[in-house]
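Next up: some structures, all given as C-alpha cells.
Both of the next two complexes hold chain A, though its partner changes from chain B to chain C.
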Partner chain A sequence: MFAFLPVVVAGYYGLCRAKQGLLAQVWMLLASIVFYAWGRLEHLVWLVVSILLNWAIAKIIARTSDVSTRKQWLVLGIGLNICLLGTLKYAKFILTNLSYIFPVPVVLPEVWLPLGISFFTIQQVMFLVDCYEGLVPASRLFDHATFVSFFPCVSSGPISRVRQLLTQIQRTQGPSAQTITGGLVLFAIGLFKKVVLADSFAQIVDLIFNHTKTLSGIQAWLATFAYTFQIYLDFSGYSDMAIGIGLMFGLVVPMNFDAPYRSCSIIEFWQRWHITLSKFITVYLYTPMIRCFKQVSLVKACIVTVLAMLIAGLWHGPSWTFVTFGFLHGLALSVNQVWRKKIKIKMPTILSWLVTFLFVSIAFVFFRSPDMMVAFETCGALLPHGNWFGTELDKVVGRYEIAQLTVLSAVGVLASFLGPTSSQLAQGLTLSRRSALAYASLLLVSFLFMNSTKGHDFIYFAF
Partner chain B sequence: MTDLLVRLQPIFHDVFDSTDLRIVRESSASSIEGWDSLTHIHLVSSVEREFGIRFALGELEELKNVGDMLDLIERKKAQ
Partner chain C sequence: MTYRAFNLHVILIVLVLGGAFLCFNYWVNIYGVFGDVSGKSYSPLGGGTTEYVFKYLFSYNYIPRNFDGLMIGSSITDNWDTSRLNNVKVYNASLNGGRIADAKQIVDVVLKYRPNMLIIFVIHPIMTQPSSFGVLEKGIWAALGSLELFRAYYLKLQFELGFAPQEFNSFGQYDFPEIRKKWNETNVDISEGTFDEYRLLVEHARYSGARVVGLISPIAGPLFKKNREAYRRYYARMRRLFKPWEPIIDLNGPEYDFTDGTHMSRIGARQAIDAVDLQLDAWMSEGLPMSCHS
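Let's look at the complex of A and B:
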C-alpha cells in the first residue's frame, strides 16, 4: 500500500493536471482492479460478475417503461445479489443449521469469501433501487465498474451511493494541494488509530478471549471494554484512511463515524456509528418494511426495527453471535423508542450515557466471540462471582508491555471520549510547520509500530 | 410555498403530538425534539397522504429540514 498509493495518486494527479479526465478514470479503475486482485486473483471474478450483473439489470430497468415489468427486474436483481452473497457467505451456515433438523452430512467445497462482498452488494442494491425509482440513470459499464471497485472503499466501505461518488469522479478537476493535504492528515490519523491504538487493545482482547473458561470478573470487564475501544479505533481508523485516500483523489467519501461513544441513547449511537450502514438500514430496509403497513404504530415500528437489525446483524457474518448482536441492538432501539414516545422520563445525561455505553460494550461481546458458548462464558464472568479480582495478566505479559499497553489504551480512551474527531481535525487544518511535524510524527510512529508489533487485519475485512 | 408550509403545520402537530410546534423552513431534527427515524417515516407517510405523492427511498435521506421537504413536495407535485 505504501508504494502503491503514492504511485496511483501521483499518476491520477498528473493525468488530471493534463486535462485527461477519461485517462485519469481509466487509471483509477486499473488501480482498483490491481488492488482488488492483489490478495487473491480469483476474487476478481466475483466482483466482475457482480458488476456485469447489476449493470445489465440497471440497463434493462432504465429501458423498460412498464412499471410492473420494471419492478419484476428490480426484484430479480435484488434476488440475484442476495443469492450471490448467500451462496458465497452463508451457504455453510444455513446448511449446517439445517443439518441439526435434518441429519444429513454437509460437504461443501471451500470457497474463499471475496473481499468486501457484503459492502459492494449493498452498493449494488442501492444502485438498482435508485435506478428503479428514477433517481439515477443506468451508468455506462466503465462508470459502474469505476464506482463499485473504487479501491479505498471496496473492502470495508464507507458505503457510497452512485449519486455521491460517480458524479464526483466524472466531474472532478482532480485533487488540489489542499485536498491532498487533508487526505494525508486523515490517512495519518487513521493509520495511527489502527496500528498504534487498536492493535494495542487487540493484544489485551486476544489474550483474555483465549481464556474465557477461567475469567475473573476484572478480566471479563477489561476484555469487554478493551474490545469496545479496539473495534471503534480499528474500524473508524480504516474509515479515516479510506476517506483520506478519497480526498487525495479530490473525492469526498461519506463520513462513517462521529464519536459514537459520546452518545446518550442507542438511537443516537446508530446515528454516529457506521453511519453509512445505518443509513442503508433505515432507508432501504426499515422504510420499505414499515411502508407495507397502512398505518404506522409504535408496536409495528418496534417489530420492524428488530427485524431490520436482525438482518443487519446477520449481514456482518454467518454466525449466531452476529444475529444475537443485531437482535440485542434491535431490542434496545425499540426500548429507546418506547421510552421516548410513551414513558417520556428524562434521565440525567451522565446516567443515559452510562447505560448506553455499558449496553454497547456488552453487545460487542457477542460480536467478538467466536461462538455463543464463549459469549455466554464472558457475559457470565461479567456478573459478580467467586473469582472476581484475579488479573494474572502479569504472568503472561511482561511488566514493560503492561505499562506500554496502559499508556496507549489511555490515549485510545481519551481520543474516543474527548476532543475533536478526525474529520474535525482535517477540516480545521491550518498548514504550519508545527502541524506538518505533528502529523508526520503520527505517520512515523505508526510505521515503527507496524514493523515492531504483531499486526492485526482490519476487523471489517472479514465481512 | 407559504401555502405548502401552512398545510404542513397540522401534520407536524399531529406527528409530534404538540400544538405549540411552529415550523419554519430551517426546522430540522436538531431543532425539533423527537424527530428520529420513526417520527421521520411517520411524517413522510402523512405528507404523502396529504399531498397525494410518493417519495423515492433515496430521496428520504436528503430531507435534512422542512425547507428540503417543501422543495421536494413542490417538485413532486409539478411532475
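Let's look at the complex of A and C:
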C-alpha cells in the first residue's frame, strides 16, 4: 500500500494533467488488474470471465429490440452470474447440507474464493438490469472492465452503479487539489478506524469467542458489544478508505455508512448501514419480488422482506449463521413495518434506540460465530446464568494490554455514538496547519499499528 | 491555506515526523538488529510476549554475532544462566510461556544468519503443548516502529528510572525472584501436531549444519513419581528425534538430585546449568560431533 497507492495516484494525476484521459484510464485499469492479481493470480481469471460474460450479454440486450428476447437474455445473464457465484462460493455448502438428507460422501476440490466475488457479481447484476431497463447503454469492454475492476471498490465495495461511476471515469478531468484533500482526510480516518480501533476490538472479540464454552455473562456481553463496534469500524473504515481513494482519482464513490448505531429503528438502521447493499436489496430484490403480487398487503410485504433479507444474509457467506442473521433482520424489519403501520405506538427515543442497538448487537453474534453451536453458546451466556461475573481476561491479557484496549475501545465507542461521521469531518475540514498535523498524525499512528502484531484482515474481504 | 498547501503539509509532516521516528529507533536500536553489535550487550525486558519479541528480534543480529550456541525451552529453563557454560557461549532463548512453535521462529532466523550454531533443544512436555505467542509477522520492521517497540521503551524507561528491576541478563536468563509454582501439573500427552513441529525443527537444524544437543530438564520428584510411565513414554519418543551421535543430556538420571518444583530455584538452576556444563565439556573435549550434513 505504501508504494502502490502513491505511485498509482501520482501517475493518474500526471496523465490527467497532461490531458491524456485515455491513457489515464488505461493506467487506472492496469493498476486495478495488478491490485486484484497481487494476492492470487488465478483470481484474475474469474474476474475476467465475469467481465467478458456480462459485457457480451449487455451488448446483446442493447442490440435486441424484442422485449421478451431481451428478458430472456437478462434472465440468462443473471442466472450465469448466480451460477458463477454459486459454484465458487456455495457449492460446498449446498452439497454438504444435501448430504445430510441423501447420505452420499461429498468431495469437492478446494477452490479459493476470488477476492470480492460477491461484490462484483452484484455490480454485474445491477449493470445487466440497468441495461435491460434502458437506464444505461451497454458500455465498451474497456469502460466496463475499468468500472468493475476499479481497485478501491472491487474487494468490498461500496457497491456502485454503472451510471454513478462510469460516467465520472469517462468525463473526469482528473483529481483537483480539493478532491485530493477530501480523499486524504477520508483515507486517514478510515485507516485509523480500521487498524487502530477495529483491530483493538478484534483482540477482545477473538479472545472471548475462542472460549465460548465457559463464557460468563459479562464476557458474553463484552464480546457481543465489542464485535458490534469491530465490524462497524472495520467495514466503515474500509469504505472511508475506498471513498477516499476514489476522491484521489477525482471520482465520487457512494457513501456506505451514516452513523448506523444512532438509529432508533431497524428500518432506520438499514438506511444507515451498508447503504449500497441496502439499496441493492430494495431496488433489485425487494421491489421485483413485491411486483410479482397483484395486490400488495402488509403481510405480503413482510414475507418479501424476510425473503430478501434471507438472500442478503446468505450473500454474506455459505453458512447457516449468515442465513440466521438475514432471517433475524428480515423478521425485525417486518415487525418494524407492522409497528409503524398497525400498532403506531410511539416509543421514547432512548428506548427505541436501546432496543435497536441491542437487537443489532445480538444479531451480530450469529454473524461472527463460526457455526450455530458457538452462536447459541454465546447467546445462551448472554442470559442470566450461574457464571455471571467471572472473567479470566486479566489472566490471559496483561495490564498494559488491558489499559491500551480500554482507551482505544472508549475512543471507538464514543466515535460511533457521538462524534461526527467521516464524511462530516471531511466536509467540515478547516484548512490549517493544525488540521494537517492532526490528519498526518492519524496516518502515522495507523502506520505504527499496521507494523505491529495485532493486525487483522478486513472482515468483508472474506465475502 | 489552500487545498494544495494542506496536502503538501500532510505529506511533509508524515515524511518528516515518520522519518525522524525511524531514525530515532534505528539509533536507539533497542533490539540490536541494526549495525555491527559484536561485543555489545542487550538484555530483554518484561516477560511473556515482550520477552518473546525481544528474543525473536535478537535472533536477527545480536545472537548470531555474539553467541555460538542457542538453548530453546520454556519457563522451565528460562532462569538457567548459560553464561556459566565455560566452553561455548550459549544464548538462553527459552521463553516464559513459550512452546516449540515460538522457539521455531527464533531458531529459523538464527540459522539463517549462523547455520553452524550449537542448538540445545530442551525436552519437556510443556514444549510440545499446542499454543504459541503467535507470529511477529513484521519481523525486523517491528524494530523500526511498532506497538511492541513502544512497550519496550516503556519498560526501558521504567528500568532506567528505577521503577522496575532488570530481571534478564545479556545471555537471555530470566532471573525469577523465587520459585513461582511448586508442583505444576503438566499434560504429558504429546500433541501430534506439535510433535511434528518439534521433529521438523530438529531436522531443519541438523540439515542447516547446526550441532544438535537434546536436554531433558529435571522433573520435580513428586510429579515424576505420579506419572512415571507417561514421562518414560514421552522421553522415549522424544529421544528418537535425535540421531545416535547427537548427545542427549538427561538431568532426570539417578546421579542427579534436584529437589525443586516445576520451576527451579536460583540454586537449583545453577546446579542444573553446571551439570549441563560438565556434560558439554566432556563432549567438547571429545570433539562434539558436527551434523553429518554439515
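We adopt the following convention: the second predicted complex is superposed on the first by the 462 of 463 C-alpha atoms of A that agree within 3 Å, B and C clash if a C-alpha of one lies under 4 Å from a C-alpha of the other, contacts with A are read in each partner's own complex, and residues count from 1 in each chain.
As a convention for this text, a contact is a pair of C-beta atoms (placed from the backbone, for glycine too) under 8 Å apart; a residue touches a chain by one contact, two chains touch by 3 or more.
Just so it is clear, the model here is predicted, and its values are computed rather than measured.
Annotation: superposed three-chain arrangement on chain A; chain B versus chain C shows no clash, the two fitting side by side.
Contacts of A:W273 after superposition: neither chain B nor chain C is touched. In the overlay built on the shared chain, the residue A:S452 is in contact with chain C alone; chain B does not reach it.
Contacts of A:G134 after superposition on the shared chain: chain B is touched, whereas chain C is not. When the shared chain is aligned, chain B comes close enough to touch A:Y284, but chain C does not.
Of the two partner chains, chain C is the only one that A:Q178 touches; chain B does not reach it.
Seen from the CA centre of chain A, the centres of chain B and chain C span an angle of about 170°, rounded to a multiple of 10.
Superposition on the common chain A brings chain B within a closest Cα-Cα distance of 32 Å of chain C. Shared interface residues of chain A (contacting chain B in one complex, chain C in the other): none. For chain A in complex with chain B, the touching residues are 126, 129-130, 133-136, 161, 163, 267, 279, 282-284, 286-288, 290-291, 296, 298, 301, 305, 337, 340-341. Against chain A, in their complex, chain B makes its touches with residues 34, 36-38, 41-42, 45, 56-61.
By the touch criterion stated above, chain A contacts chain C in their complex at residues 176-178, 180-181, 184, 188, 398, 400, 404, 431-433, 435-437, 439-441, 443-444, 447-449, 451-455. Chain C makes touch with chain A in their complex at residues 1-7, 9-10, 13-14, 17-18, 21, 48-49, 134-138, 141-142, 144-148, 150-151, 154.
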